[in-house]
Amino acid sequence: MSKEMAPEHITIRTQMRIPYAYSAGLYVGRFLQELRDNEKIYANKCPKCGRLLLPPRIMCGRCSVRMGEWIEQGHKGTLVSFGVTIEPQVDVTTGENKKVPFTTAGIQLDGGAAILHLLEETDASKLRLGMRVEAVFKPREERQGLITDILHFKVVEE
Amino acid sequence: MARRVAIVGIGQTPHKSRMPELDAGEMINVAVRAALEDAQLSIREIDQVLLSNMEHFEGNYFVEGMFSDSVGSYLKPGLKTQVMGTTGASMVTTAWYFVASGLFDTVLTVTYQKQHEGQSGPVLQSAAEPSYDRVLTGHSAMYIFASLAQHYMAETGCRPEHAAMVRVKAADNGRRNPFAHLKLELTVEDVLNSRVLVWPLRLLDICPTSAGACALVLASEERVRKITNKPVWIRDHIAVHQEGFTLSVMHYYPDPFPRETTREVASKKLYARNGITDPAKEIDVFEIYEPSTYGELQYMEDLGICGKGEAWKLVEKGATTLEGEVPMNPSGGVLSANAIGDCAMVRVAEAALQVRGDAGEHQIARKVNTAMAHGFGGRGYTTLHLLSKTL
Amino acid sequence: MVDEVTVREPIIVHQGFIVSYEYAAGEAGSRFYVELRDKGNILGTRCPQCSKVYVPPRTTCGACFGKLDEWVKLKAEGTLMTYTVVHYSLPVHPVGTPFAYGIIRLDGADTGLTHLLGEVDLESIRIGMRVKAVFKEDRQGNILDIKYFKPL
Amino acid sequence: MTERIGIVATVQTKYEESKPRLHPSELLCEVVEEVMSETGLTFTRDGTGLEDSVTCCSDHWDGQIGSSKNAQDVAGGDLRESDNVSTGGANAFFLAVARLLSGSCDTILVTAHCKESQGQVGLIENMGFDPIYHRMLGLDFLSAAALQANRYMHKYAITSEQCAKVVVKNRGNAKNNPFSQAPLDLTVDDVLNSPVLAFPLKVLEVKPVSDGACAMILATESRAKKLTDKPVWVKGIANCYDSYYLGDRDLADCAALTNAAHRAYRMAEITNPRKEIDVVELSEYYSYQELLWLEGLGFCNKGEGGKLIDSGVTGMDRELPVNPSGGLLSGVPTMVDGLSRIAEAALQLKGEGGARQISGARTALAHSVMGVAGQMHFATILEK
């Protein structure tokens, strides 16, 4: 087949659009209720290895034992890692573009557990590991029992 | 005890960013015919056919049913495993189990991906726990490797130019590999000048998204004698998975509750039960699943190929090139081709080509008797396959 | 049981899983759709070894694994092998309920093409009926270029 | 098979239309803990306990990629070798048997979980149709099954009453099964009068949406005998794919099932299934499928599935009881379907069938099916 006779490549466009009703379950469900109703961030503790896991869950994967005590983590913590996303990205939950830039951060909460959440600051040059950060909650009427009830964490001077 | 099992047929398609001329079935068929041709077998001589990919990247559900005509599984047994990035390696191990168990003598195992037909970013984002942090995370894979890069540099004194050297080596090897996707002429400066995606990762620090398929034929010891005089024996294999209710705690560095990584656990076990004390010397070539430049350095150290903080020094000395003492990823690795469904199987396929001495232009200089393929994926899972020329 | 954790009401997170796809129709698919779109013809491929004509066309014969490159133009008429009348609705349905699907063996083909049935009284559809393809005016190069099959 | 593989213990959740309070990992945690405590096994890393598992879940049904993480935490996947099969629990069982026979381990955990209520069944199934020729038509597994039912009933003059009898039998049997989701006392007319979803299939002829999980411990012969005094042996096991496109095969036949059944019978040295098999647990997603699958399994000639149900032979206290558990029609989720058939067959052979026990059952057949209009079948023969 000579060049100009090259076959046309047909493509078929479709979109998968499936609404799911995910059960948060007993543990994440309770965690989200505490965010919504009491602005409390909880982790639970493995009775065997002592790890503090956030969000709380039914089983310590490492020890294969049921998780134990629920421990409040407070709103403050230390920045242990971060990534500033600059490239525009589509959000799988909406099919639309996410607002960029946004900073995803790993935060070691004073209560001992670690959480992944958003940082207010999106200029990487202004961020250093070890900085102190604090959770900013949405007003009660805007909170729906989702992780986004925490708007983001902001850098605090201490 | 288990029957001994060898790879007797290796087939790949060239990996490319887009493959508009073939649909997924036709692409799979190219790899299958190549593997059957390599083993000099017809589809009738195959007892079981395994086909897998990471479904959501193209959205198709129950793919091994959808493409049964193209993969040759009509009226044949088979199944599909699905373990994120290590799917390719898991499908090799699954074939090994079915042959070693005596259930089948000759098994065709195939993996593929056509990532550009979907949206890789959002699909990767869906790996996070939906009821918890999925709405927060960006394309978490990038974020993971950005964290890894930050901490590898902080702990080992490695600088971005060393990561750039890893990318230059991958480009040099990729240009010699007919099946690799990216064939680039790169210098360290090119890498350092590529745009930042998620600091400190630049565009050339991470792998592309590709389309491609890979197929292997495994056979039992009795069958191997009748099929080929260049079998690649699967001396050992191990898979170490990991807990991970959600992505967040698991994957950023440092892990607040640090312990040995699955790479360390898996490699120590594998080396111990095969009498390997110095992997860099006793294993002639490594095919590592490195989605980022910094990842190759970190994983070399985790796999005990060199000491902590030594990997970037080896790269600086040029020890990991085709002519080096510790050849890493002669195929150009995942940095040169990343069809996520077949990535981990391509590592095994490329390691097997090196053992057979059939890697052509990207055959390493050193004589190869033993090779190791590594697979990465999911919540930090690790798979390893130890291949050898002799039993 | 997980009794010690009390949840006042089950927390359900309603969330979409939304991904856009663009599939290459490939060698067989592209030729099938270019011919359908531009000329309103329905093509199949023939396996010389099994002497079977496949619709939709493909480049590998499922039965003998032979390569297929012999193309055949089929008449747009055929026989209804089976059908169903759908009374529930899904967002992915191209037409409103109730509507009918059928598997049609086109004259000259050895396999059936699954498609919609139209311009038909849903109660009068019978297996074995003779049907004929109705094509859309402005065709885009996808399976809905055939509007439906209607009774002859 | 060279060596015998034994089923040591099986646990199922109660199957329910929806379990909104439980996350998939919490749903699976219940059955894994129960099967571990029943056998006294614990997860270890020094070779003394359980260190291998095969889980089963589907990214499409769990609504995320890497859905095996929902099983990993609770099924001992940490720093051990687990693997995830997404082609149904029965095929996870098949891989587990292969791992035991290869000598890589002597005990293994097999799990399957699915919450169909979380997703939208029709939309997920639509993704199972190839995008080039089928998906834009809006097909789902129900409409494809209706095409198969209509073809099968037309070709072999199977009546809608005969299909309805399957529903009456299975929903009735479910009354004796504590795990079953929705037992019902029905008459043939109740079924025939239920609204048509996709002709000829009516609401009561379609498996309801269901949530649930199942876990099982398998072991090599020597280990199995130490773990239980009532091991159930796997004598034959096989699966098989048919062609994919609906129009490529005569939907009134199931060549793949016959192929898989013959392989399993050969391994188990069964020559006359009708005489040698005491109880059958098969996966009937729709009423007609029990009749069609029984033909494929060789319990009667092609086209005689209708006569078989009419004869009453497949009833509870008759010669060939089929689905004493109530089958899928009384509610079992996909993915779990095959593993729950195997679990029910094993319970019969252990004599733990309770009110649904088939007296004197020594040989059982468990069957599973996957894909569009039954494209992929699985069959296993179990013996006391």
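Note that the chains take the letters A, B, C and D in the order they are written out, and that residue 1 is the start of every chain.
As a working rule, contacts are C-beta pairs under 8 Å (C-beta built on N, C-alpha and C of every residue); 3 or more make two chains touch, one makes a residue touch a chain.
Remember, it's a predicted structure, so these values are computed and weren't measured experimentally.
S.K.: Going by the touch criterion stated earlier, list every chain that contacts chain B and also contacts chain C.
M.R.: A, D
S.K.: Would you mind checking which pair of chains has the most C-beta pairs in contact?
M.R.: Of all chain pairs, the one joined by the most C-beta contacts is B-D.
S.K.: If we define chain centres by averaging CA atoms, which chain lands farthest from chain D? Would you check?
M.R.: Using the mean of the C-alpha atoms as each chain's centre, the farthest one from chain D is A.
S.K.: Between chain C and chain D, what is the separation of their C-alpha centroids in Å?
M.R.: For chain C versus chain D, the centre distance works out to 29 Å.
S.K.: Distance between chain A and chain D based on Cα centroids, please, to the nearest Å.
M.R.: One centre to the other, that is 37 Å.
S.K.: Which whole number of Å gives the spacing of the CA centres of chain B and chain D?
M.R.: Going by mean C-alpha positions, chain B sits 34 Å from chain D.
S.K.: If I count partner chains per residue in chain D, which residues reach a count of at least 2?
M.R.: Answer for chain D, listing residues that touch two or more other chains: 20-21, 23, 25-26, 29, 63-64, 72-73, 77-79, 123-124, 127, 131-132, 135-136, 243-245, 248.
S.K.: Which chain B residues touch at least two other chains?
M.R.: Within chain B, residues 20-21, 23, 56, 59, 68-69, 74, 119, 122-123, 126, 129-131, 134-135, 242-245 contact more than one other chain.
S.K.: Would you please write down the residue numbers of chain C that are in contact with two or more other chains?
M.R.: Counting only residues that touch two or more other chains, chain C contributes 2, 7, 10-13, 15, 17-27, 29-30, 62-63, 91, 142.
S.K.: Considering only which chains touch which, how would you classify the arrangement: line, ring, star, complete or other?
M.R.: The chain contacts form a complete graph, every chain touching every other.
S.K.: Report the residues of chain A in contact with chain D in the complex, numbered from low to high.
M.R.: Answer in residue numbers: 12, 14, 16-29, 57-59, 61-62, 64.
S.K.: Looking at the complex, which residues from chain B come into contact with chain D?
M.R.: Chain B residues touching chain D: 1-2, 23, 49, 54-56, 59-62, 64-69, 73-84, 90, 93-94, 96-98, 100-103, 123-124, 126-131, 134, 238-245, 262, 265, 378-379.
S.K.: Which bits of chain C are touching chain D when the two form their complex?
M.R.: 1-2, 7, 10, 12, 17, 21, 23, 25-26, 29, 54-56, 62-63, 81-88, 90-94, 101-105, 111-116, 127, 142-144
S.K.: Quick one: in the complex, what on chain A touches chain B?
M.R.: 7, 9, 11, 14, 16, 20, 22-25, 28-29, 32, 49, 51, 53-55, 57, 60-62, 80-81, 83-87, 89-93, 95, 98, 102, 104, 106, 108, 113-118, 124, 129, 146-148
S.K.: Of all residues in chain B, which touch chain C in the complex?
M.R.: Per the touch definition, chain B meets chain C at residues 18-27, 29, 42-43, 56, 58-59, 68-70, 72, 74, 114, 117-119, 122-123, 126, 130-131, 134-135.
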